[in-house]
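Structures incoming, each one as structure tokens.
After this come two complexes, each holding subunit A, first together with subunit B and then together with subunit C.
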Partner chain A sequence: MKLLLVPAVVVLAVFAAALAALFRWSLLEFIPGSLQTGGLTLANFRGVLAPQYLGAVRDTVVLSALTTVLTLVCAYPVAYVLARTPSRRVRSALLVLILAPFFTGAIVRTYAWMLVLGNTVVTWPVPMLFTERGVLVGLVHFSMPTMILILAAALSHVDPVYERAAASLGARPFRVFWRVTLPLSMPGIVSGGLIVFAWTLSAFPTPELLGGGKVKMIANVVKDLGLDSFNWPGAAAFAMLALALTLALLTAVGRLSAGRAT
Partner chain B sequence: MRSRILVAVLVALLGLPLVPPARAQNALVVSVWGGNWKNTVESVIGKAFTAKTGIPVEYEVGGTIDRLAKARVAKGNPLVDLNFTTTHVARLYISDGLYEKLDMAKLPNAREIAKEAFRSDFHLGVWAYVYTVVYRPDLVKEEITKWSDLWKPSLKGKIAMPDFDPSHIITIAALMEGGDEVNWRKGEARLRQLKDSVAAFYSTDAQSQDLMKTGQGPVQVMLSVNAYHLQEQGIPVKLVQPADHPGIVGIDTMAVMAGTKRADAAHQFINLALSKEIQTELVKALRAGPVNLGATVPANLKGQPGIFVSAAEWKQRGYIMNDDARAKNLPGWREWFTANVVKK
Partner chain C sequence: MILKAAVLGLLAFMTLPTVVVIVVSFNPTAILSFPPAGFSLRWYENVLTYPQFQRAAVNSLLVTGGAVALALPVGTLAALALERGRLRGRSVWAAVLLSPLVVPGVAAGLGFLILAAALGLLRSRSVLVAAHVALVLPFVVRSVWVSVRNLDPALERAAASLGATPWRVFRRVTLPLLRPGLFAGLLFAVVVSLNEFVVSLFISNRVTEILPVAMFTYVVNYTDPTIAALSSLFIVVTFLVVWLADRYLSLGRVFLQH
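Now for the complex of A and B:
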């Protein structure tokens, strides 16, 4: 039986080795114009603490938080209908609409948003393409299907008897939702929120294409440093910093929301 | 017993990606960018090479840095025999000992190439192009004739340029202020003035072309080859021969990988690629400038940006940056450019 753990251990070992290599790279001196590296140094970590890089970290955290909240707000009503509709047809139609984006891929979806946000289909009162607003729209759209499915699964586990009981005792619909449905669906909100927050922290194609080079998130900066500046030690240092920040944020958010979920 | 078989199957599956792809025996493996670049190298050089020597050619395609990273990992026992890359990135290969010194005795056609195409003892140019100003006259009503027009207030919010390599605009700004790529800081103040004029920064050729097609970036610092490609697709773009400073020349190069067992075949491939006949075909296929001064250039391309047909044109119609300065300065340039021009 223990042998069945072998694949998991192998995968973990590979990931651990990759992380160790990344850490080692982050401590090597970068020599511009060369692939050779110098001796051990902490200069890469000092370098990535420059305001422009910290700005990208701040933008990433803010965009991830906003994406999580907006996705939750937009996804909840759809998930509610999906979980509670008695009509099979409505449920099937909703499922098809929700799952359709999964079959198009991130790049195709993002290119479609470039057309929509770029005043070629719709004329926007404020600039959307190549701004944080546009990136936020793309990130929310990208996250919606997953959030809907997680929330719908959580809502389907909420027994409607509780809601009917609250209503029979005189609670108005909003009060029923606020005091009964919402608290009982909290495990789904927490799981969905954590997943959306975590993957938005590592978003790459959406800010790369919809940000037009002006909106940089953590993954875009790592790519810029590693692939465009050939600064692999700098990219490794920034990736380590981002990894530490991500783990800290997820731990904090997880603890905070675990309290709420119980 | 059953679990042992399961483990063996899993280990075998995990190991599958480590098995290198099967190659035809004695095939010459060429590393090149994907898409149109690979197609052109294959159809124009590769097929002629196989017809002449009987040696099959296989291709390893990927981005500039993906291929560099792979080459570094396989140092001493290269996965490919011959590499195509830009001239300044080739400096990184050379600095890491990834290229073999070329045996010029095996490259008689190299005697016919422009001296600017001799990039080092390790790599030779195969075609040239320029980064210049390109715009859509249907969307930008005023005529653009020089680099300094990019600073006109009327073009505010219409310009797109590369952020993966801002060396072209940095060098142009420096040249306008009496500096060059080494004394680039002379152009700092001028570059900062561009901040509000840029609608978007692009990081790939595809993004650049999309910005031009959709009109999101109707004025660009753009690769001439991409602009010609758009013209072929019917997009009304105009390439500018800037009156104040020439376009910044880019040269793509070929080199033999250090440690390859097919160095002779790789030299034959390079020699063939530099021949008049192949260079003539490359101009037609890519709309890039030939490095062989004896190549025939179609009349409609003569005198166009990035197409140089004589030693004098190489000198006068393009600005060639110092490869070494470019490779060493690029990380610092990017950092400065991001902080002072890209950042909101």
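Now for the complex of A and C:
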């Protein structure tokens, strides 16, 4: 039976080889104007802290944090209805509407937001397209399906009996939500928040197209350095940073949910 | 009441861009206006006759076809091993098999670019296929694994005790019972691969690029509604696929339980 894993291990070995190549190049010296590299160096990682790039790292963290909070607030009511509706038809309709953008590719969705945020549909009082505001709207939209599904899974584990008990003892709806539903759904809020945060840290098409070159997140710097300047070592250092941040956050999610299970 | 209004508002937020794209795709002029000043199919015609999209569509079919044809059997065998293999550290194996999901696209993309350059494969579609196989494998493993878990081994034992050879048991009992998982895995793999963009951007050129990459290049360079037309075609196909999947597989079962 164990031999059945061999083909999958081969596929993953190729993937691991690509990441190993990335790691190696992040430690090689960049020679401008050439794809040849020099000896081993940490200069690429020092480059991450250079003033022109540090701003991109800061913007990435700020935008990811804002995206996480806004997505939580927007996803919660939808997740609540999805988890609690007694009607199979409502649940099906909600799932299809929520999942359809999940399945339409990043380019289609981002192009759609370019149309909405540009002044095609309505004239915005403040500029939206090619600003951080616009990127934020796109990122929240992009994260909604994931967050809704995680929150709905958490809420479906919360027995409505507790809410009814609180209400029958005289708590008003808002108090029931604040003191009973919200605390009981905290595991979903924490893991959904961390996953969306980690995911947004390495967002690429949304800031690339909605930012129009004016908003740079870590992934956009990787693309600029790697595909436009042919500075593969520098790009590799930024990509390693994104990879390390994502893995650290997702390990935290794993620890937290393992802690709950025991 | 407030909850209902909030949810409807949020659903409008979720679907607004899709609606706008479809409406704009019928716009008669290259300058976008909303609502459109008339009705025209010229952008759809443009999509079908633009040579770079034709080439990219062929590449998409080749890359997705190749990647799915490889990932489906590989992922199915892995799912069988995970459930039946008496593996030590099964959860570690599961995490490893699902790991391509959590690697940022730019990291995987640049890694494959460097690897391909080292192997002299930069002009080849094989790098795209290799990357796509790894990226869709987690979806196949997850979908098939659910079906393997629900499969009662007594049915296979019954067939074997009645004299069926192991291959015949696999062919006539195991595979048919895994069909829902295989179908779901196939569906996810096709949708994910067809829409993959970030990794593919790094490892393709004008000759090998797949549709999402060609669309990206077009969006950056032109502003006419051609992409709206192509996007609408993507949206309609995806919506049908998701609707059918929900109808026959019940998406709630796949997504809301774990």
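We adopt the following convention: the second predicted complex is superposed on the first by the 220 of 262 C-alpha atoms of A that agree within 3 Å, B and C clash if a C-alpha of one lies under 4 Å from a C-alpha of the other, contacts with A are read in each partner's own complex, and residues count from 1 in each chain.
Here is the rule we use: contacts are C-beta pairs under 8 Å (C-beta built on N, C-alpha and C of every residue); 3 or more make two chains touch, one makes a residue touch a chain.
All of these numbers come straight from a predicted model, not from anything done at the bench.
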Which of subunit B and subunit C A:120 touches, first, second, both or neither: both
A:129 touches, of subunit B and subunit C: first, second, both or neither? first
Touching partner for A:183 - first (subunit B), second (subunit C), both, neither: neither
Touching partner for A:21 - first (subunit B), second (subunit C), both, neither: second
Touching partner for A:55 - first (subunit B), second (subunit C), both, neither: first
Touched partner set for A:32, first subunit B, second subunit C, both or neither: first
Contacts of A:242 with subunit B and subunit C, given as first, second, both or neither: second
Which of subunit B and subunit C A:227 touches, first, second, both or neither: both
Of subunit C and subunit B, partner touching more subunit A residues: C
Touched partner set for A:7, first subunit B, second subunit C, both or neither: both
Subunit B and subunit C contact sites that coincide on subunit A, given as residue numbers: 1, 3-4, 7, 35, 111, 114-115, 118, 120, 209, 226-227
Sites on subunit C touched by subunit A in the complex: 3, 6-7, 10-11, 13-18, 20-21, 24, 32-34, 70-71, 73-75, 77-78, 80-82, 84-87, 93, 95-97, 99-100, 102-108, 110-115, 117-118, 130-131, 133-134, 137, 141, 191, 194-198, 201-202, 212, 215-216, 219-220, 227-228, 231, 234-235, 238-239, 241-243, 246, 251-252, 255-258
Residues of subunit B touching subunit A in the complex: 3-4, 6-7, 10-11, 14, 63, 65, 68, 72, 91-93, 95-96, 160, 163-165, 199-203, 207, 210, 214-216, 324, 327-332, 334-335, 338-339, 342-344
Subunit B partner contacts - residues on subunit A that touch it in the complex: 1, 3-4, 6-7, 10, 30, 32-36, 50-52, 55, 111, 114-115, 118, 120, 129-130, 208-209, 212-214, 216, 224, 226-231, 234
Interface residues, subunit A side, partner subunit C - complex: 1-5, 7-8, 11-12, 14-15, 17-22, 25, 35, 74, 77-78, 80-83, 91-92, 94-101, 103-109, 111-116, 118, 120-121, 141, 144, 149, 152-153, 156, 198, 201-202, 204-205, 209, 218-219, 222-223, 226-227, 232, 235-236, 238-240, 242-243, 246-247, 250, 254
